[in-house]
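In the two assemblies presented below, subunit A is common to both, partnered first by subunit B and then by subunit C.
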Partner chain A sequence: MANYLLRRVILGLAVLVVAMLLLFLLIYAVPGDPATIALGPRASEAQKAFFREQMGLDDPLPVQALTFLWNLMHGDFGTDILSQRPVADLVFAALPKTILLAVVGVLWAAVIGVPLGIWAAMRPNTWTDWVIGIISTSVVALPAFLTAIYALILFAVQLSWFPAIGAGEPGNYGDQAHHLVLPAFAIGVAWVGYIARLVRVAMLETLAQPHVRTYRSFGVSDLRIALRFVLPIAVVPVISVLGVGMGNLLSGAVLVEVVFSRPGLGSMAYDAVISRNFPVLLGSVVVTTALYVVANFIADAAIAYLDPRLAEKG
Partner chain B sequence: MADSTVSPPVAVRAERFGVLRRLFGAPLGAIAAIVVMAFALAAIAAPWLAPYDPNAIAPVNRMQGPSGAHWLGTDQLGRDLLSRIIHGTRTALYVAFAGTGGALAVGMAMGMAAGLGGKVLDSVLVLFNDSIKALPLVLFALALVTIYGASMVTLISVIAVSMAPGYFRVVRNQVMVLNNADFIVAAQSMGASRLRLAVTHMLPNLIGPILVLIAMDIPAVIGIESGLSFLGQGIQPPQSSWGNMLAEGYTYVRQAPHIAVAAGLPIVVSTIAFTFLGEALRDALDPRSGGRS
Partner chain C sequence: MNNLVREPILSLDDVSITYPGAPAPAVRGVTLDVAQGETLGLVGESGSGKSSLAAAIIGLLPDGSQIGGTVRFEGRDLAHMPARTLRALRGTEIATIAQDPFTALNPIMRIGRQLDEFQHWRGDLNRAERRARATDMLAQVGLSDPEVRMTQYPHQMSGGILQRIAIAAALLAEPKLLIADEPTTALDATTEAQILGIMADAKARVRGATVFITHDISVVERLCDRVAVLYAGELVESGTVAQVLEAPKHPYTQALLACDPARIGKPTRSLPTIPGTVPAPDNLPQGCVFAPRCPVAIECCETIRPKLESAGPGRRAACHLVNT
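Coming up: the complex of A and B.
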């Protein structure tokens, strides 16, 4: 197990390094002056010179690549062109807000999706199963930002049940929770369907196994079998999908933040695009990539704990 | 009925028609296929189907709700929303097919190379694809748009690169399985070259899983295109795109919510249709797998 986790750590680091190199190449392989392109035609000569110096644009490419990686590893993501503050400060200030939104979104989806999946799996090929299947398949591909816009129109603009803009007063947790409802709802809807489907399939597969038949012959009730013996196995694919789906989840959160004008990584990146504040954009890409790698490692570790057979297979 | 464990596929041609029959035999699959075809028709015949010129401005009629003359109403410039949606279908499907097509080309080339090449090449390509998957799509796209400019080409390229790992995985795994299949070993023993193996023996076996993946990816691409266009970083106005219309509707969400509602409808319907089509295709191609995601 320790061996497996160590391999996963090394692999994760390798993925991170290659992803950063790829990013570097895509940014610096552009024809023309990267400073002008990144900062836009309206940037002053001083800003461009600063950017060039900061990014080491006058060095040979391999040196630039290594400097780029070295700086990232030390948490140096460059300087915000507008406020002159370190990008790392801005990104790490915005990150928890986005993570909160994403986590609450997935949590409520799991709370609804897992029981739905169990319910469907315990009545396979009945009307219940069919209706749950159709609903969950329908919502799976709904873009979160579209759900967000519809929720905003219905619940904020028409019904005025929830606020439309912002994240609530600082310090006032009730107000913040009130502001969180619609964005988290929008992010979770697609996940409800996704999780319900995964749980249903995994439950059905596990329920068909001989050890479950043995439990049944011992007179253990269906519900107890489902919850006590089958569910722990059935949540494994959900966890692994949550790891891989981290990118998806964050992309959804980015757009939903813009819809509800919520402070966070997405709003920050969007403002950075509009003001051509390239270092801030780059910083948010780097941090979310790292977040994806970490989330996948946690998912792998959790799976290895729940199902050691997978860890042994490698 | 023959036992499925003993009987190998008898006639390939008959099997293929069987797939179509099974696809249209499932009611949801048939409905999804018809809706998808309707979208395709709307995209091809947009200029003839749209009741108005999508860019004809009529300030007198601005922000009108749905009516007999304008089924879905008009936008802030008095343009007919239905006509803009029909023309937006062109944009959406063009980006969807170009994006998934690009991803397929890139992913398939890498997958074939990984499956047929050596172990080192395979490991390098797997690492490379894992790294692409680690990049957060929307933020990554925003970063590239800042550098390369917001255009359809940038959009399609970002989508093609970001979605390639899915095709890489399917192609690589299939090739790995096929590598040991009897008929491949037989062809190899008769002196078939690697290229010949790849093109004549492996490709036909990859078509099914790839079709399913394309149908499943198209809704995702539609979501990405409309999302980035919503942020103003995808398709640029005046070209009509569902995402652009959503952005405009969002601006006037208090005065005229019908604009955003109308602009979102085709996204909802098309993503659902493509998802169900993908599901039905998968079940039709492999009747044994019931509801695997």
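Coming up: the complex of A and C.
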């Protein structure tokens, strides 16, 4: 188990390094002179040269790449062009808000989606199964930003049940929760359907395994078999798909934050793009990537905990 | 002696089984009794309906299957019993041992927790007592370090150990009827011999009767008192093991014994086989189901289906040549 987890950590770090290098190349390949973009068209040649010198832009490419990595590893994400504050401070202030949104969004989706999937799998090819199938397949197709816009119009603007903008007063948890409802709803809707479909397939596959028959031949009830002996096996593939799907979840969170003007990594990245605030954009992208890697690690660890066979194989 | 004591534990009368969506029944007109203290060997090739019969007895045929006739267990008809009542018999009065020990247990749960769950009907015991019973039973089926086994997962054990655990699980129920569905088919020859030894002990501890499903005549010889031979979903011959193996009446039983490698005395270059194939349930011959493959079939075998009739004391056969 420890061995398996250690290998996952090393793999995760490798993924992070490769992702950072790709990101660096992407930035490097952006057309235009960074000094001109940063200082504006009216900056003098001397100013530009000084800027290049300071940012290390005249160094050879590999040196620049290594410096880039080195700085990131030390938590140095550069300085916000607008506020002159360290980007790391801004990014880590926004990070918990985005994590909260993503976690609450996927959690409520799991709380609804998992039972729906189990229910459908226990009554395959009946009306129950078909109705759950139709509903879950239709909501899967809904993009989070669209759900967000409609939720905003209906529940915030027309019905005024929930606030439309922001994340709530600092320190006032009730108010923050109130502000979280609609964005989390918008992120989770598609996931309800996705999780229900995944759970149904995995449950059906596991229910067909011979050990289920053993339990039935000992008179264990079907519901108990499903919940205690089939679900722990069936959630394993669901968790690994969800781990990979974290990328989708995070990009959903970005758009939903923009729609609801919620502070967070998403809206920060969006504002940075608009104002060409490169260091901030970079910082939010780096942290989002790290978040994705960490989410995958948590998924792998959960799988190893649930299925002892995997942990032994490594 | 009053009648109650003599009543068979398990009594099948004209049992037929039709799977959902199947055009014809897979098992037809099976009538047999298993008496108190008896071990019945249910013999047949794959597709003969032996596992279907076992599934029908414990009520685990797929949803929508039709059972005709009656399956009486201590006088109660299992085939037409509410599902809930039948479920309460499984794991208490009727216990089963599955065919493949490698897949019969939950792969991600420790043995101890599974053996605890199999005793779920024993609300009178607390968890520690159930675990103690399980550990004790593992020792009784010949496992060393039963405490260690309790903490292990199925993938950490060999087939022989897993099958002993399955036998222990069945014995924990203290059943009146034990059904073993080819419990040694998935094992190698050495392990098979060990498990058959354990099975012989196990059936001696069962309060009522044991049904042993197998395709292997030598297993029947070793463990069973009576034998029932199935062919293409029909019972073709039944009797005591001594009678049937020494002087088989039905040509199918004769052919089956002739094919058993253990009974071939002379050196041979090729093992005998029964020519032809088992007919499909929806494409049965008009007369005797075995007639197309029977070496001694006469004219009436092709047109008239023979009934299962008495063929001497305590034995029956379904063959025109025996009954006329």
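The rule is short, and it goes like this: the second predicted complex is superposed on the first by the 286 of 314 C-alpha atoms of A that agree within 3 Å, B and C clash if a C-alpha of one lies under 4 Å from a C-alpha of the other, contacts with A are read in each partner's own complex, and residues count from 1 in each chain.
We take it that a residue touches a chain if its C-beta (ideal position, glycine included) is under 8 Å from a C-beta of that chain, and two chains touch if they have at least 3 such contacts.
Values in this document were obtained by computation on a predicted structure and should not be read as measured data.
Participant: Is A:197 contacted by the first partner subunit B, the second partner subunit C, both or neither?
Facilitator: first
Participant: I'd like to know which partner A:306 touches here: subunit B for first, subunit C for second, both or neither.
Facilitator: A:306 sits against subunit C, while subunit B stays out of touch.
Participant: Quick check for you: in the superposed arrangement, does A:146 touch first (subunit B), second (subunit C), both or neither?
Facilitator: In the superposition, A:146 touches subunit B alone.
Participant: If we overlay the two complexes on their shared chain A, which of subunit B and subunit C does A:219 touch? Say first, second, both or neither.
Facilitator: second
Participant: Name the chain, either subunit B or subunit C, that contacts more residues of subunit A.
Facilitator: For subunit A, the partner with the higher number of touched residues is B.
Participant: Quick one: classify A:285 as touching subunit B (first), subunit C (second), both or neither.
Facilitator: first
Participant: Give one of first, second, both or neither to describe whether A:137 is in contact with subunit B, with subunit C, with both, or with none.
Facilitator: first
Participant: With both complexes overlaid on chain A, does A:263 touch subunit B (first), subunit C (second), both or neither?
Facilitator: After superposition on chain A, A:263 lies in contact with neither partner.
Participant: Please write out, lowest number first, the residues of subunit A touched by both subunit B and subunit C across the two complexes.
Facilitator: none
Participant: Which subunit C residues qualify as touching subunit A in the complex?
Facilitator: Interface residues on the subunit C side: 58, 60, 87-92, 95-96, 98, 100, 103-109, 117-118, 120-121, 153, 155, 166, 169, 173.
Participant: Across the complex, what residues on subunit B touch subunit A?
Facilitator: For this pair, the touching residues of subunit B are 28, 127-128, 130-140, 142-148, 219-220, 222-224, 226-227, 230-231, 233, 246, 249-250, 253-254, 257, 260-261, 264, 267-268, 271-272, 274-276, 279, 290-293.
Participant: Hey, which residues of subunit A end up touching subunit B in the complex?
Facilitator: Touching subunit B from subunit A are residues 11, 14-16, 18-19, 22-23, 26-27, 30, 34, 37-38, 133-134, 137-138, 140-143, 145-146, 149-150, 152-153, 157-158, 194, 197-198, 200-201, 204, 244, 247-248, 250-251, 254-255, 258-259, 265-266, 269-270, 272-273, 276, 278, 281-282, 284-285, 288-289, 292-293, 296.
Participant: Taking the touch rule as given, give the residues of subunit A at its contact with subunit C in the complex, in rising order.
Facilitator: Touch residues, subunit A against subunit C: 209-211, 213-221, 228-229, 232-233, 306-309, 312.
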